[in-house]
Amino acid sequence: MNRKMLKNYIINLIVVALIYAGIKVLISAGVINRYYEGIIIFIMINIILATSLNLATGFLGQLTLGHAGFMAAGAYVSAITAIALKNSGMPNLLILIISLIAAAIVSALVGIAIGIPALRLRGDYLAIITLGFGEMIRVIINNLRGLTGGAQGLTGIPRIATFDNVFWVTALVILVLYRLTHSRQGRAIVSIREDEIAAEAVGVKTTYFKVLGFAIAAGFAGVGGGLYAHYLAFLDPKIFGFMRSVEILVIVVLGGMGSLTGSIFAAIILTILPEALRSFSDYRMLLYSFALVLMMIFRPIGMFGTKEFSWQGIYDRYKMLRDAVKRREKA
Amino acid sequence: MVLFLQQLINGLSVGSIYALIALGYTMVYGIIKLINFAHGEIMMAGAYFAFLIAVSTNLPFVAVMLISMVLAAVLGVVIERVAYKPLRNAPRISLLITAIGMSLFLQNLALVIFRADPKIMPTLIAKHPINIGPIQVGTVTLTTLVLSIIFMVILDVFVKKTKPGKAMRAVSEDKDAALLMGINVDKTISLTFAIGSALGALGGVLYGITYTQVYPTMGILPGLKAFIAAVLGGIGLIPGAVLGGFAVGMVETISKAYLPTQWTDAIVFGILIVVLLIKPTGILGKNEKEKV
Amino acid sequence: MPLLEATNICMQFGGLRAVDNFNLEINEHELVGLIGPNGAGKTTVFNMLTGVYIPTEGDIKIDGSSVVGKKPYEIVRAGAARTFQNIRLFKDLTVLDNIKIAFHNELHYSTLEGLLRLPRYWADEKHATEACLAFLDIFDMADYADNLARNLPYGKQRKLEIARALATKPKILMLDEPAAGMNPQETKELMDTIQLIRKKFDIAILLIEHDMNLVMGICERIVVLDYGRIIAKGTPEETKNNPDVIRVYLGE
Amino acid sequence: MKKISIIMAMLLLVMAALAGCSGSSDTAATTAAGETTAAAAGETIKLGVIGPLTGEYSMYGTSVEEGAKLAAEEINAAGGINGSMVEIVAYDSKGDKTEAVNAYNRLRDQDGIVGLIGGTFSGETLSIKEIAVGDNMPVLTPTATNGEVTLNAPNVFRACYTDPYQGSTAAVFAAENLGATKAAVLYNIEDPYSEGLAEAFNEKFSALGTVTNFEGYTANDSDFKAVLTKIAESDPDVIFLPDYVAKVGIILSQIQELGLDVVAIGGDGWDGIEVDYADVAEGDYFANHYANTDEAPIVQNFISAYEAKWGKTPSALAALAYDSTYIMAQAIEKAGSTDADAIVAQLAATDGDYVTGHITFDENGDPVKSISMIQVVGGKHVLAAKVSAE
């Protein structure tokens, strides 16, 4: 590990710990009441959903319009698992962990099942097939009434997602995605976005890496769905409509396709904004869609493009500026 | 047998509306390789135009229909000029996201202007059943079917026999070559959007009359089904869209008639996926490889 | 045993027979040129050899084992790498990453090892970075390692693409009209690069060109293609004087 | 230059939209906080309302908001609750569960509400329920009909009857009052309300006669000709259509177009059907919370007060919200404090006459009342019968 990377790691670790401690202090001081805490939890769930979609759309370059479908699969699996374990005497944390792992695995398997046929097709077909899948999974949930409660919804889900565990799960998801994108597997995934034919011509097993990227994205969407289920303690198929998929996509596009930190910042902004602008809610989707079109015309790469935000980067920039100023003074 | 024939008529009427909308998808895809997600919303806009004209004037059905088609054509061209043209050389994914954004934008614009509750389409066509032998056909169903076929024939003649129609085919074959041949590519693309949008609006007007309601989200499902129809028939091909439209309408009606109705959408999507896996270019499509 | 052996391969597109009974043998360390006028079927042959198209008839062997029906990435592993007529780089990645992706198969850590950043990850990545930099050094491109590929000048982009193909450690390198779109200066540089490859790497090269003069200087053997058929084979000297070739190139 | 002109064009479109709607809607401006307080004498008692005030289902949430605000205004005019003014704070859920939870958290923490009149839909109420039970918040939902809403939740009550109760009552009405022996059911599988009614009707009617068809459709379906043609084959006496007006209107129109000879029956989702679909719904029946043609003074007073304040006829949802606000206010008054346990105890002891009938609560917190079956005759509601499923 070279020193620059080590330094970055340590800085990031300290920042994450500081954010956690800061929020904890504010909660116990009563500055952050449960209303704000709820919003923070939804921000983190949106971060998980957006960063995972970013893997499929930003890094792998495959436009997915059914992310809410994977979220739904994970949410239901996680909820059903937790309901089954509710009276087993296990501690809540253990139940949550088992449920989320189950959610991740099932969602990833669903992702593979959809991905293997769909990823053989060109990009725009994938968009349509994932869109169709997102709609279909709702019909399926509605029809599996014995298991899912159908349209009536699923009640009795233990409410075991708290600020603490959602925070650490989110941190873990981001860490995994960051490391994945900065490994040989990640490079292979990005090479497919850049030029699929060239990637294949230099020996990248494109089908395998497409399915891998897609499955991991689906799996984490499932984790996001699971946390959602355990925070809300109620699920019904309507939660996972097409609009949910679009909202996640807007976060990814705004943040920058191919930038995890971009997705994080965009998730924070786009979760707080509608809360802050409650009285404008009629216009929210109008503005979202408007922003989407404007973004594509004027800054299709989003806030961050494919770049990642880093403290080192800020420092470097500061240093460059300082040196430039110094040089100027000398001259 | 009578029951089956009756269902066949039902299927044809649904299918003809899908076919009209599918034509717009296919023409646009053929010419700029874009899935125009906003096409379903153009259909919705067409229905609202018809509604507004019908409640504020006493014009007959044909006039209402034609004016709505013209207005929708203008809307389609404006969308193309404002949102799609600046992105003509951008990556496909950007263009696709723009189209999705445009679709949501129009939907929410309608939601804000007209509110969510459905508007009741005035009775533009007197409704009564007509008996053809043992089968009963509604006047609306019959009108839909006849109008769709008339416009499809007009389109076919236009594309094959007229100069702008031939230019459209040339541009969809090879944009650069068409440019070199002196064809005004921008104008041709706009023309394609205009025609596609007008046909979509016709679908919307007929849809509004058939189902008596006009509402902001009405374009989503028929839009999606029509898109499936276009892909099924072979996207980019005009006969493919017609074939696909009728096929989807039939499959839907037959499955509703003989299977539990709630699975219909799943069946339609299932068929799409199977067709794409076996023949990615659709029923009438030719296989082509990306140039290396 | 020849390194690459194509026997009677044909390609039929609908009613069009783009390539008809094409035969080719390339031995180790040989430089063979495949020439012919535009539309003769050169790139189609290339696409069959590299797995982009599956020949409708005939057999292709690399190192004695058949590769017909294999995916392009499997053919890369079998030892054949290629470049493209219209340069296909990973444009928004750095020069180093372009090479590293081609180096992919030299790295062995699993996804899990990568995620946990186990020692093998660090060892492999360190090795890869060093090896790729050394590799770039051979082509005098180490200074550009951190540049985005899209920012390189045209000639350098072509060079990077060749270097990237070589990074897959092929036994045979196939270049598809590498001089296309180049000015004389760049063409000369390209020639030097090809000479450099011959000197530093122990591999065979198959070169597609429609410009005959360019090929004559460096190739040991030349195959001439017209309308999907081989019309001549032999040393540059022999082909130059072949009446069929003259007819094709100069017209009757 | 080109880009600038594009921006201008898009801005123009947005501005046109904003202008277009500022004329047609004034709800957006009033959603932020209730402004019913006449004169805030001393402490105000805040009651929360949650419902879809914008978006696709805004008409339902708006009805609830308006009913509650009307009641609050009347209570304040009569001196408030033990001298304190009532304020209704209404937040928009957009029909979305996440939003509903945020809205509830905000009502509790930022606004400090004493009780909640809501949510409007079953789904949003269920997503709030677990949190509200943990908070011991007195909840009286005017309109959430899902059976689960009040289960295992001592602090949650509702003013409307449940889906199962309504569905089986409709079945009893069809068999006994209309003498039907064969019934078909066509319902929306994606809607919990529609599904709940359909299942209950199916179960009850199967005991009284034959259910010939039990068919579902998805929320976005609008072509019912195929399935109606199928249903016509088995020639039922009645067809049960438990959905909301918009969808029922489409189905009834297609029944007419196909020339089916069948009486349609529906649930309280039909409320308001006479506005747009008087002709196709002529002679059909539906269950409702009250008949607006009821002569009882409490009903007529409510209708005229509502029309005076909001300029439109009240829906059944508005009536339920109006009643709920009164019930909640009376419970707080009797409790003599804003202590949650005391309010919940008084809610449970509710016993009185309201617009939607005489209300007492059973052990779950569900109201015990009979259902009004309304017939649509000449575009008017006619009370056909008051039925109970027992």
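By written order: A, B, C and D. Residues from 1 in each chain.
Here, a residue touches a chain if its C-beta (ideal position, glycine included) is under 8 Å from a C-beta of that chain, and two chains touch if they have at least 3 such contacts.
Bear in mind that the values here come from a model prediction, so they are computed numbers and not experimental data.
Enquirer: Please list the single chain whose C-alpha centre lies closest to the global protein C-alpha centre.
Expert: A
Enquirer: Based on CA centres, what chain would you say lies at the far end from chain C?
Expert: The most remote chain is D.
Enquirer: What's the distance between the Cα centroids of chain A and chain D, rounded to whole Å?
Expert: The answer is 36 Å.
Enquirer: Measure off the straight-line distance from the CA centroid of chain B to the CA centroid of chain C, and report it in whole Å.
Expert: Centres of chain B and chain C (C-alpha means) sit 46 Å apart.
Enquirer: Which chain D residues sit where two or more other chains touch them?
Expert: If we look for residues of chain D contacting two or more partner chains, we find 3, 6, 10, 17-18, 21, 25, 55, 189, 218.
Enquirer: Multi-chain contacts in chain B: which residues touch at least two other chains?
Expert: If we look for residues of chain B contacting two or more partner chains, we find 83, 86, 109, 111-112, 220, 262, 265, 292.
Enquirer: At least two partner chains per residue is the criterion; list those residues in chain A.
Expert: Residues 139, 142-143, 197, 282-283, 286, 290, 293, 297 of chain A each touch two or more of the other chains.
Enquirer: Can you tell me which positions in chain A touch chain C when the two form their complex?
Expert: Listed in rising order, the residues of chain A that touch chain C are 1, 176, 179-180, 183-185, 187-188, 190-191, 194-195, 197-207, 212, 306.
Enquirer: Okay, in this complex, where on chain C does chain A touch?
Expert: Checking each residue of chain C against chain A gives 50, 52, 71-73, 76-77, 81-82, 84, 88-93, 97, 100-102, 104-105, 107, 109, 111, 114-115, 117, 121-122, 124-125, 128, 164-165, 167-168.
Enquirer: Inside the complex, what are the residues of chain D that reach chain B?
Expert: Its residues touching chain B are 2-3, 6, 9-10, 13, 17-18, 20-21, 24-25, 55-59, 189, 215-218, 220-223, 225-227, 229-230, 233, 246, 249-250, 253, 256-259, 276.
Enquirer: Using the touch definition up top, name the residues of chain B that touch chain A in the complex.
Expert: 35, 83, 86-87, 90-98, 100-105, 107-109, 111-112, 220, 224, 227-228, 231, 262-263, 265-266, 269, 272-273, 276-277, 280, 290, 292
Enquirer: Spell out the part of chain B that touches chain D in their complex, as residue ranges.
Expert: 3, 6-7, 10-11, 13-14, 78, 82-83, 86, 109, 111-113, 115-118, 120, 127, 129, 136, 138, 140, 207, 210-213, 215-218, 220-221, 252-254, 256-258, 260-262, 264-265
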